[in-house]
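Each of the next two complexes has subunit A plus one other chain: subunit B in the first, subunit C in the second.
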Partner chain A sequence: MTTSPHTYADKAAEAAVRATPEPLVRRVRALSDKAIAWLFIAPTIALLLAINIFPLFWAIYLSFTNYRANRPNAEVKNVGLGNYSRVLNDPDIWASMQTTAHFVFWTILLQTVIGFALAYLIDRKFRGHAFWTTLILIPMMLSPAVVGNFWRFLYEPQIGLFAYAVSFLTGIPTSEIQMLGSVNLAPWAIIIVDTWMWTPYVMLICLAGLRSIPDYIYEAAEVDRASNWRQFWSITVPMALPFIMLAVLFRGIENFKMFDMVNLLTGGGPGSTTEVASITLKRDAFEAWATGRSSAFAIVLFVAVFGLANIYVKALNRVKQR
Partner chain B sequence: MSSANTAHSVVEPSARSKRIAATLVILYAVITMIPLVWIFLTSIKSPPDSISYPPKILFTPSLEGYCNLFTTRTRQTPEYIASLPPPEGMCDAVTRERNMVIAGPSNFLPRFTNSLIIAFGSTFLAVGLGTLAAYGFSRFKVPLADDLLFFILSTRMMPPIAVAIPIYLMYRQLGLSDTALGMMLLYTAVNVSLAVWLLKGFIDEIPREYEEAAMIDGYSRLQAFRKVVLPQATTGIAATAIFCLIFAWNEYAFASLLTSGSAQTAPPFIPTIIGEGGQDWPAVAAGTTIFLVPILVFTILLRKQLLRGITFGAVRK
Partner chain C sequence: MLKQWIPLLGATAVCALMSAPQAAKAEQLTLCWAAWDPANALVELSKDFTTKTGIDMKFEFVPWTSYADRFLNELNSRGKLCDLIIGDSQWVGGAAENGHYVKLNDFFAKEGISMDDFVPATVVGYSEWPKNTPNYWALPAMGDVVGWTYRKDWFERPEIQKEFKAKYGWDLAAPKTYDQLKQIAEFFQKREIDGKTVYGASIYTERGSEGITMGVTNVLYDWGFMYENPKKPYDMQGYVNSPDAVKGLEFYKSLYDCCTPPGASNVYMVESADAFKSGQVAMQMNFAFTWPGLYKDEKVGGDRIGFFPNPAEKYHFAQLGGQGISVVSYSDKRDAALQYIKWFAQPDVQAKWWQFGGYSCLKAVVDAPDFKTSQPYAPAFLESMAIVKDFWAEPSYAELLQAMQKRVHDYVVAGKGTAKEALDGLEKDWTEIFEEDGKI
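Here is the complex of A and B:
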């Protein structure tokens, strides 16, 4: 074995350290920045590896097998891309994707329009606006599951407050307002609850956007005698657009994953009219116990969200640079 | 242009537009509060009042829902109930009026306790780990830092059910199924990504010069972190903690799939509260009210930090 001069130097340094013993405290205190950086970051990375990444790879592995979680001792066979081709050719899965798309589209549209309008009104800074803003925020802090469950009661056709209020305002008999029982109304029932819960979130982000517009731009527009309408469309909307797009991104990702509220409100029914992707996934994985196939579906979903989000972020950055 | 306007800056909205804005915002706020007020009202209705048509706004308040939430009851013959000693306490009396006797405590209290332990435990862990990692990312050159941060955040894009499949299998192998520890670790892992992201922003805002000055005065890096950075980051840490707490408190998807008995939290439990012949809505409403009150109080007391956290987190991402 050859010994490089480098190790001699190290040995000399070690000897010097031994000759002048430092108290342990000093040595801990003198941890190098690099050591501290890794010491601080490693636990988080380790936890994420154990609980996020390792399971993800396991799911990828399972997606190529015929494994069934309720038969752990059965022989596990490699089925190649079989699960993926079954998932992508399954009309039920495409139907649930379509249900999800309908849900995501309408919730985002309603929340953006109402949320932006509210933010614009709150930005008029009328007296007491802070108090009313806090009240408006409350629904988004609450548990979608627990509150969604209670909406079942509000939606009851005979005794529920929602049906009663709608019937009171429109004259339609309450027995016809079967929000959760009717194939036509159930998709709107979940859209209403989601909009009720999450409009405040979109409002908050839009409000941050409106407040980021410097006053001098409006002052300059006043000098140029631009009308309020003109100011709204050529200053307010374009400058708040990156924020609106962010809100759309976050709500889009969240609602693509939607499970809790829908599971409790309709459970995917009636029939499969409100069966969003996560509900299909749950039925496949935890009721039919088709672990391999449902893992393939989960990976497809993840790739879809990830891919769409990345394309969207590119578009967002282009808008920001304008 | 009215002369009243000239006192203000040109961008100050007119009094009329303020009035219109106030009316619309207050109208929205009132409508949005109705479902929540209805939850509370239902919780203090007697079961017959709760399911009357048309829905009752005026009624005699009753605590039967709360009694039913905390107890299990069995039906008995009137003769048997007449033979019992006089009722002890209000719940006993209310139950006997319905020809029932209290058989024992319900599962609500243990489930609620589970929620408390798991939510606070995981928040503590997530914020602790998150603060350390955020400091590491903020102050040191970490190789591939941007990729790591993006990767940390992207773990939140997975649908919870997709994550639950392998976690379910892994926990079954490790004996962590239906344990508070398992749920705590899972919620910590979910929350730590948000915590790192938010906290890095807060710590980035603290000037490095503070620590450097402290280190010139003889503090080590660790001491500077503890005595200079941590006190400066308190607001950010508090805001992050509220977010983690709200997530863990409200979480349903993992809880419903991975817990069924001893570690079950309140969200999957509350929808299962049933009485004779269907859902016992006053009891469900009572459970919902008790479950929502802590978050309601948090939201109102800490609204400033919350607002900062939401918009800030959003803008940074």
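Here is the complex of A and C:
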């Protein structure tokens, strides 16, 4: 015999009604299901409105003004699209967007290739594979603040382990290996750290993809005498592709707004070599106090990420449907 | 029912009666400042204030790298966290115009505190807005200036002296000019001393807050850089980017390229002091507040360290540091905060302030006959305070500073463009900022 879920719900409601003082009971009984549903989600909606939606609309409003947070007494004027025009025509902002694109491209490429390779290895069960999996996952469990600080020491030319290792392998004196102080090497120093930290994350998602491929497909391929290489390109990669794309999406969004690691390692320097968009935005908003202009920049970034992510999700859905 | 409540009500009433006098007595003031050695000295000093007035002091100290961000945010949001604030010298314009600080003229007049009793440069730098007018927003609290320390023990070694003289033709000693400083720095760069490779000099190169600006201005001023036309305010063309200023900037880059330790691309106060303390460098640029700590250092202090003011070139200036103490206008404890300022201005408190490791700005302290001999760094401090010059203290100081940080760092550390392009760009940025402010 099965009992309808409604019966349980009704009994529970009756019990609740019995335990509730009479006037409140009457009021609750008078509420529709829809009203009760709203009652439950109202706190979440209120919180979202207060900390997400309101600031977004407020930022949109500010982006059309000359408001400066450090001049509370100054008159706030409407400047129309002036801030947007300034942001889109500012060569420094375009330079920071280029730096961001460079950073996003290389980190995603390296993390995807290495992450997938690691997942492929880990997927083949071998002795102690659980131990190695845990070990590989450690970097992503650390706080970015910790990672940034200890890599700064590792990169230190005079006492850093990284400089010693490179010097040992190449014979270049340690004092000449200035990862964070060199215009050419500083962007790569950040890419190395981000790749070190987040490749395990990509590996985990890829591993989930690889483990979702049913064994019988490989068995059928074996029967058809397909080579390992053929199996990899015709079964493994296409079936894991949605997962890989998902990992790329997550890392892409994260790295587009990367701030903490860059701030800790180089602070955007040397000069403006590693000044990614989020660092420029922070400087504009909280150091130069150009609140209106920085709001416009934030909206431009938001639209860019939102637009690109939407296009990407559509592509992802198409791949999944194949 | 009432019987159950009576004991509880009684106990509450007794507690309330017992705590009432305590609550009235336990007034507390919060003083906001940067987290550094002088702040610790102020904590010690302020115990005397608590003893005398019964007002507790609470301190909110923030590291230098986030000091401006944190407290300017607090002021701009009209926060009540700080009753008293020791704000950077460049904040005075913005804080005065935006109503963050209480104007102290009436209070000074009532309490008989005269600005004539303080070192003039500190009054202009820390208290006045508009500059050179008798409108006071702070009491000079912590005199500070960029100067230099050097490894006296290395300089005095006979073999080093002999080699230096043979190479440069003059006796190795604390440099008087920047040319001399560079020669010394070159001489020590990558030299083996006691089996360790050492380097010439540590200079400010920090990008994130104000570091490289506070460093490069020491050189720029000496070469002839000026913020504006002395006869026409905010006219900067040919002053900020004069040929002499360009040469000064080129010099700073050459000093960075030739004579700093490897990886010194983001150095400010802490990093510079660390480079000196770890025995990496022969000379170090730093604010005078670091000198007492360095002098006490077991490895490099005592007889091993010497102090000298910023060297001269065509002119002789040094970058002003330091701060004044102000009452925050949003504080609910304004009277108690003013009471603290009155106490702090007293000559005996100021004398103790110097003894504890703070730098007093009171003439009675610094002009005292025994001041020069009171500490080994006192003469260099006095000499430096006589040649100070400060960055813009305009309400838009943050934007002006950020523009300079970017332009100078791009050229000096990243090697982007030329010195002329950097200063031309800076002049353009500053002009735009003043135009937006309606000053031009």
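As a working rule, the second predicted complex is superposed on the first by the 287 of 322 C-alpha atoms of A that agree within 3 Å, B and C clash if a C-alpha of one lies under 4 Å from a C-alpha of the other, contacts with A are read in each partner's own complex, and residues count from 1 in each chain.
By our rule, contacts are C-beta pairs under 8 Å (C-beta built on N, C-alpha and C of every residue); 3 or more make two chains touch, one makes a residue touch a chain.
Computed from a predicted structure; not experimentally measured.
Enquirer: Any idea whether subunit B or subunit C touches more of subunit A?
Expert: B
Enquirer: A:Ala296 contacts which: subunit B (first), subunit C (second), both, neither?
Expert: neither
Enquirer: For A:Phe286, using the defined touch cut-off, is the partner it touches subunit B, subunit C, both, or neither? Pick first, second, both or neither.
Expert: both
Enquirer: Taking the superposition on A as described, I'd like to know which of subunit B and subunit C A:Ala69 touches: first, second, both or neither.
Expert: In the superposed model, A:Ala69 contacts both subunit B and subunit C.
Enquirer: In the superposed arrangement, which partner chain does A:Ser143 touch: subunit B (first), subunit C (second), both, or neither?
Expert: After superposing on A, A:Ser143 lies in contact with subunit B but is clear of subunit C.
Enquirer: Which holds for A:Gln158: it touches subunit B only (first), subunit C only (second), both, or neither?
Expert: both
Enquirer: Figure out whether A:Val79 sits in contact with subunit B (first) or subunit C (second), or with both, or with neither.
Expert: After superposition on chain A, A:Val79 lies in contact with neither partner.
Enquirer: Per the contact definition in the header, classify A:Ile191: touching subunit B only (first), subunit C only (second), both, or neither.
Expert: neither
Enquirer: Output check: A:Met245 vs subunit B and subunit C. Expected answer is one of first, second, both, neither. What do you get?
Expert: neither
Enquirer: A:Leu180 contacts which: subunit B (first), subunit C (second), both, neither?
Expert: In the superposition, A:Leu180 touches subunit C alone.
Enquirer: Which parts of subunit A are in contact with subunit B and also with subunit C?
Expert: Of subunit A, residues 69, 158, 174, 263, 286 contact subunit B in one complex and subunit C in the other.
Enquirer: Any idea which subunit B residues touch subunit A in the complex?
Expert: Where subunit B meets subunit A, its residues are 9-11, 13, 17-22, 24-26, 28-29, 32-36, 38-39, 42, 50-55, 129-130, 132-133, 135-137, 139-142, 148, 152, 154-155, 157-170, 185-186, 188-189, 192-193, 196, 220-223, 246, 249-250, 252-253, 256-257, 266-268, 270-271, 279, 281, 284-285, 288, 291-292, 295-296, 298-300, 303, 306-307, 310-311, 314-315, 317.
Enquirer: In their shared complex, at which residues does subunit A touch subunit B?
Expert: So the residues of subunit A in touch with subunit B come to 28-31, 33-34, 36-41, 43-45, 47-48, 50-56, 58-59, 62, 69, 114, 118, 121-122, 124-129, 132-139, 141-147, 149-154, 158-161, 164, 174, 196, 200-201, 204-205, 207-208, 215, 218-219, 222, 243, 246-247, 250, 253, 256-257, 259-260, 263-264, 277-278, 281-282, 285-286, 291, 294-295, 298-299, 301-302, 305-306, 309.
Enquirer: Spell out the part of subunit A that touches subunit C in their complex, as residue ranges.
Expert: My answer: residues 66, 69-73, 92, 155-158, 174-176, 178, 180-181, 183, 263, 266-273, 283, 286-290.
Enquirer: Provide the residue numbers of subunit C that touch subunit A in the complex, in ascending order.
Expert: Residues 68-69, 72-73, 76, 78, 94, 97-99, 190, 197, 206-208, 261-266, 280, 395, 398-399, 401-402, 406, 409-411, 413-416, 436.
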